[in-house]
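The structures come next, written out as structure tokens.
Each of the next two complexes has subunit A plus one more chain, namely subunit B in the first and subunit C in the second.
Our next item is the complex of A and B:
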């Protein structure tokens, strides 16, 4: 890599100095990072760097980290391939997409992509719905989450039946349209309608009389279903209906008690995942023959010490591991599980936020990467151990130290030279490091690290309150 | 003791690319260059031998290509290679893998390594023939798709494991010096240290010309190649059917297709 910055480049103290540093380097990614911050002549100079070669323009137009302001500037360039890439880039904002439409609106591929882009505005989508005749394009508009209710009504009036699949699941579909769709739809469309958050109550009542299990399965998930209807569905002989019902937040305690004896593992697993179980329910499910049921119980947020103790001695690793991840698990249990035969369980202890320092110290002597990664990321781990782990040959362990919010500056400093570029990139925004520390990465050989350094400082000047 | 590692700068295709006007290649604006993935494993294998040896081992990387290839050679230097050689002359433009093998064999004659490693194939051309052409040109023993290697520097034999079709492995003893084409997964390539990268930026890359190798224009390039690209194009796409319906209907249809595929 040719040298982009003079060896004595100091930390820029002002926004102006930061921009000038990016300009004088001629580095594409540093220039992109500070573009939004610049104005006037400096902005012109940065544009010159960004657009000097078509190859670079193409690269920035497709890069998902290219700042929105740069993408907006690129949209003004008269290059169809660049526009196509901007249209596919998830970072392109509504304004950029509007510019693309204005400049290349005749291109079918561009329009098709605009109707699928997450940032297309409801105004643009409405305008396309009015002007387009192409069914796949209109279908994309009907499926787009930013399409508003009026546009959906318009599309349905224009092509009745054609977009029922999309309308049945669209969050903005008005209730009156849902009724129409339900009446003429197949079992899947009816299923989607009864799951919809805005489904009118009378349609739920209507669906209750259906015999199709797909519809009933979806209906059973709806928390707005009346208690007597839930009770009725609890008598159904289809497991998929019962499984969905077991997860319904409106299920009464009586029904939960009744379903706890169901012979299907999947029904009992769904029940075990509920947070409103009684102590008696939990006691019963903790003795379930299916270990995935017991595992779900072990993760329960209101488990008492006695049950946690019992599940900590379960013969299945997954159950004991779930105990280690439960925030209610006591230090005594964690101590016991820290010498468990299973590495998977010991790793769970290493990740637990309640695990005390002396246990983490003991676990740090292990050689398993999962255990050590847990120790490295645990906020209770003593600094001396973090320093030792920061020198590990294993990437995951060093990353554990980097993401540990308690890792101090002196612990992190050697990691600024980590061979893995992603680690250096993560350190740029680490609050334990000083500006001078992060600036030491401004001439990093990796383009994404350089970009992140300049972007961090640019954001500091754009939004000083956040830094 | 010396190991020569032949590496290649490969071109990855960026999306929405355009073919050149002469229809022989992709427009260079749409290409992203990097070290061939297989060669990263070849270099690592050489580095592992170097680092575990009692005797001094020199790892030399060589590539055929224009000045921009220095970037991948510096990447190799950053990972620990001792020297880098780049061979180029405009007359080499259009050389095929057999011709490249001939050029590399001239480098081998000059450097006199004890072993030569190359990647099984390059990710862009995927011919899988450069390493083997090099061995043929040298008249050296060779083994392809090497997934395991036991070799002590200075030894006149190496034990290798070759990866075959159908999950089979073949253990082979090979005389040395030899040319081995190294398969992905034989080791875990290292990341270059930051210090290594910075030091590599200052290290020289030896540039070698045709005449340095005792070759002439007629030995290389399009005219000497045994194969030539006639046209590069995007074939017509096959039909794919979209599964229509609500998510639930799509899931039901997908389950039906899977059941049908399984013959249920």
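Our next item is the complex of A and C:
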């Protein structure tokens, strides 16, 4: 690769110097990164670099990391292919999409993409709902989260029945529309309506008399269901209805006690995930024959030492592993599990934030990648061990050090030359490194690393308070 | 008439599936009067004859060597000796970590035509044309080998479908126990790992990403994967958090799921790094609440929705 920057390129002390550095390099990605920061003549020069070759323009229009300001500039270019790529780019903002619509509004493909884009504004969607006749396009509008209630009502009036699937799940669908949809809908549409956060109470009551288990299953999950209805559903013989009921936050303690004896593993698993279980419930579930139930108990946020101790001796590896992941697990138990026969259990100890330094030291002598990655990313690991692990031959272990917020500058410095580009990319924003350290990556052979360096410095000048 | 020499692999007493795939690859090239010779090298090479006796093989040569496990020096010397004897026009090897240890040396020493990771083979007239990828899998590159008497190719795994049709090829044996290795094996260490599943060989994967939000939610997807008879895998952030073993990580930092036929991506946005490990899968089903997620650009079926709702529906289906 030809050298983009002179060898003596110094750390730019000002925004102006940073932009000039990107301009003099002629590097596409460095120029894109600082574009938002520039003004006047410098912005013109950067535009020149970004648009000099069409293939670069097309590349930037599609690249998911291209800054919004660059995408906005590209939207002004009279090039249909560029516009289509901008429309598919999730990073394009509402302003960019509006520009695209104004410039190429007659294009069917473009409009179809606009109605699916996450950043399309409610105004734009409303205007398209008024002017379009194409059903797939209108369907996209009905499904779009930014479409407002008035537009949804308008669409329903224009084509009754046509968009019920979309309207049943849309957050903005008004209650009166929901009633219409429920009355004429099939079991799936009714299920969606009873799950809707704005579903009127009378529809929930209506649904309670349904016989279809799909509807009842969805109904059973609704926390707004009255206690007597929950009790009634608890007598149902369908496992899926009982399972969702077991997870309903409004379920009373009495019903939970009753359902804990249910013969279905699925029901007891759902119960074991509840955070409002009594000590007796937990005791009982900790002895459950199904290991998935015991795993959930082992992770429970209100478990006492005695039960944790019991589950730490469970014959199932995954249950012991779950104990290592519970923040309440004592250091004594962690010490015991740090010499467990299962490597996955030991890895759980290595990742646990309460594991003390001496245990991590001992685990660092292992050769398993999961255990060592856990040690490398654990904030209790002594710096000397992190330094040793930063020289590991295994990529995952070095990455563990990089993502460890307690890794100090001296530990991280050798990793600036890590052979894996993603690691260098991750280091750019590491707060333990100095600006001079991260600037050393400005001429990195990987374009995404160069981009990230220039973007980091551009953001520093745009929003100094964040850095 | 051409002679094709095919090299097979075995590990810990079992023939590796790629061996039969190499035989299948040779069928793309052979014509009626051509001869396909399969070599199996090892201390107990004769143990693999039955498995290798499939349609399309004319002869099996068992090459007895002094070591049980793979040794690059011994393979290189044994194949060199076989090539001198058979004078093949084409030598096909598995594209594996084993062949990386000797194939290039073999090709260089013999001045043979050479291409690695080949997934397409054909004759254009008399000219052998091999297809491999270039520019990080973005383009197919067709290679020919002008003026080469012999061409050595390593074959990409999980591309050529092996035949199940049995046959009775002739069997010959060679004793090469006198070949010495330059390596000294001090100790055999079993590769450690939190679980023993090799995700590169499974055909149905359910994979989770950041969308699962917290570790406690992993269990329900593990359960679902078990119910669906799928292997649960993950994207990098999940493995980096220690929520699933590194051996389950798909992508540039993890593994390429070479044999996967169905990949269900739950809550995975689809970074370039992740897609590098699975974009080749014929049927990708993506579930993500963000309609702009990159994963949808490669998915055959996409569901814009809450992964927990979809998980719930699938669970009810399997119940």
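Following the convention adopted for this analysis, the second predicted complex is superposed on the first by the 467 of 467 C-alpha atoms of A that agree within 3 Å, B and C clash if a C-alpha of one lies under 4 Å from a C-alpha of the other, contacts with A are read in each partner's own complex, and residues count from 1 in each chain.
Assume a residue touches a chain if its C-beta (ideal position, glycine included) is under 8 Å from a C-beta of that chain, and two chains touch if they have at least 3 such contacts.
Please read these numbers as outputs of a predicted model, since none were measured by experiment.
Taken together through their common subunit A, the two structures put subunit B and subunit C in a clash. With both structures placed on the common chain, the touch criterion links A:369 to subunit C but leaves subunit B unconnected. By the document's definition of touching, of the two partners only subunit C reaches A:90; subunit B does not.
Looking at the shared chain after the overlay, A:189 reaches subunit B, while subunit C stays out of its contact range.
In the overlay built on the shared chain, the residue A:419 is in contact with subunit B alone; subunit C does not reach it. Applying the stated contact rule after C-alpha superposition, one finds that A:325 touches subunit C and leaves subunit B untouched. Measured by the number of subunit A residues touched, the leading partner among subunit B and subunit C is C.
In the superposition on chain A, the residues of subunit A contacting both subunit B and subunit C are 88, 214, 420. Residue ranges of subunit A in contact with subunit B, taken from their complex: 1-3, 53-55, 58-59, 62, 81, 84-85, 88, 165, 168-169, 186, 188-189, 191-192, 214, 218, 417-421, 424, 444-445. By the touch rule above, subunit C contacts subunit A in their complex via residues 192-195, 215-216, 219, 223, 239-242, 245-247, 249, 252-253, 273, 290-294, 297, 304, 312, 315-316, 319. Residue ranges on subunit B touching subunit A, taken from their complex, read 14-16, 18, 28-30, 32, 71, 74, 190-198, 201, 244-249, 252.
The part of subunit A that touches subunit C in the complex is made up of residues 64, 88, 90, 116-118, 143, 214, 217, 239-240, 243-244, 266, 269, 273, 292, 295-296, 299, 322, 325, 342-344, 347-348, 350-351, 366-370, 373-374, 377, 395-396, 399-400, 403, 420, 422.
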